[in-house]
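Following are the structures in question.
Shared between the two complexes below is chain A, which has chain B as its partner in the first and chain C in the second.
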Partner chain A sequence: MSEFHLYMAQRLSALVMAPFVIVHIGVMIYAIQGGLSAAEILGRTQGSAFWFAFYGMFVVAVSIHAAIGLRTILGEWAGLRGGMRDGVSALIGLGLFALGAQAVWAVTA
Partner chain B sequence: MKRTAVIIVLLILLILSAGTNTYLYLNNEEAMAQKELELISMRDSMQRELMRMEDSLDAIVQSLQEENQMLANKVTELEGDCYSACDTVAGNPDYLGPAALQRAWTLYNDVKDANKDAILDAVSGKGGCHSCHSMGSCTTYCPNELDPLSAILGLKRATAKRFFGGRK
Partner chain C sequence: MKVARAHPLWLAYILHRLSGLGLALFLPLHFWVLSYALNDAAKLDAFLTLTEMPLVKMAEFGLVFLLAVHLFGGLRLLALEWLPWSAPQKTWAAAAVAGSFLVSTTFLLQAI
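Let's look at the complex of A and B:
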């Protein structure tokens, strides 16, 4: 994957995330009105195909976006180069995806 | 009798002369009109020729101005203030830097350069225009009042448009 394709992937994932972030924050503000409980959250999300798709896509976009951004920081700030830098950022991306997917599965399944 | 004959002859001559003069006068009028038409068409063709010359002069002046701008850009590249002001240059040894990318943007916009794809390919690789973080020190410190930041943004935009199949 070329630098240019990484650049496009990061921009496009940002485009996908923008409405997700707005809805995510909006629902957070709405959900904490009158207290916050795990039961209330799970009541909304469990068995919901909508929230599974919403947070599923969100997690995919975040993993792509953050891994590419951290790859740049690893190069410019930590001085990692070549395969080391690509490998570490790919691991970060996979790790974010694994953690996120697990969380989505836990609250929507 | 003899006198009458002379008067008649003189009268005839007078009439003839008046007729001839009238004929010559009318003829002359026509010739003048003809000449005027010729003059008008001559004037028009000269005007056209002048306009053509003006146009080609304009083209020459424009290409000289472009040449001048390119030379000014080259001088800036040699000065390299934008390059040393750039934090991305400091952090990323592969980065082409603002001066080279400014030059690429100038070439990309040069009407005399037909191979725009090759320019976009050259700035899309490792350390190309997409490595820029748009911090803008290059534009702030440019000694020639150039704007490498906008040039790099232009290159990014052009490559993204090409990616989606659009043209400039």
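Let's look at the complex of A and C:
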């Protein structure tokens, strides 16, 4: 992918995530009242198509966004270049997606 | 020559980068703990009891602040890049930090 495509993917994933983050913060402020429990979290999310779609799209967007952001940092601060930088970033993105997908499945299935 | 790091918008840049880095490092742990819900809800509950510790509450406050400041700072950047130029960039950057304190303090007050 060209630098332009990565730039656009970074900005578009940010735009997709902005409403997700606002809702996520709202849910956190609501859910933290009276403490957290697995039963409370699962009671809200398990079997819910809405939360499956919400967190599913959130995970896809954040995996893309974080991988491209870390690619920039790896280049500017860690001095990685070329295929090494692209490869490490792609692995980070895929790893985040795998972990995130597992988490979404765990709380909504 | 004026040192770029003395500029408030350099602070906005470094805050955006460090908050993004912090969130990216936290995400694997977040996902890993949640995935316990699939086959070991008791272990998830054991993790969640940690959230009652004052130190963990403060860490959560910090994470909510990082998320909020990355959101607001990111919206400022998108507006800077894609919308017609508006002059008060320093004001927007300060508003992003102030708004993030408001959001994360609201979270903390509900948590304690």
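Following the convention adopted for this analysis, the second predicted complex is superposed on the first by the 109 of 109 C-alpha atoms of A that agree within 3 Å, B and C clash if a C-alpha of one lies under 4 Å from a C-alpha of the other, contacts with A are read in each partner's own complex, and residues count from 1 in each chain.
Definition applied: a contact is a pair of C-beta atoms (placed from the backbone, for glycine too) under 8 Å apart; a residue touches a chain by one contact, two chains touch by 3 or more.
Keep in mind the model is a prediction, meaning the values are calculated, not measured.
In this overlay on chain A, chain B fits alongside chain C without clashing. By the touch criterion defined above, A:F4 reaches chain B but does not reach chain C. Of the two partner chains placed by the overlay, only chain C lies in contact with A:G100; chain B stays clear of it.
When the shared chain is aligned, no partner comes close enough to touch A:A78: not chain B, not chain C. In the superposition on chain A, contact of A:G35 is made with chain C only, not with chain B. With both complexes superposed, C is the one of chain B and chain C in contact with more chain A residues. Once chain A of one complex is fitted onto chain A of the other, the partner contacts of A:A14 are limited to chain C, with no touch recorded for chain B. Of the two partner chains placed by superposition, A:V23 touches none, neither chain B nor chain C.
For the pair chain B and chain C, the minimum alpha-carbon spacing after aligning on chain A is 5 Å.
Shared contact residues of chain A, touching chain B in one structure and chain C in the other: 11. Of all the residues in chain A, the ones that touch chain C in their complex are 11, 14-15, 18, 21-22, 24-25, 28-30, 32-33, 35-39, 41-42, 62, 66, 69-70, 73, 92, 95-96, 99-100, 102-103, 105-107, 109. Listed in rising order, the residues of chain B touching chain A in the complex are 88, 91-92, 124-128, 130-131, 156, 159-160, 163.
The touching residues of chain C, counted against chain A in their complex, run 17, 20-21, 23-24, 27-28, 30-32, 34-38, 41-42, 44-45, 48, 51-52, 60, 64, 67-68, 71, 74-75, 78, 81-82, 103, 106-107, 110-111. Against chain B, the residues of chain A that register as touching in their complex are 2-4, 6-8, 11, 72, 75-77.
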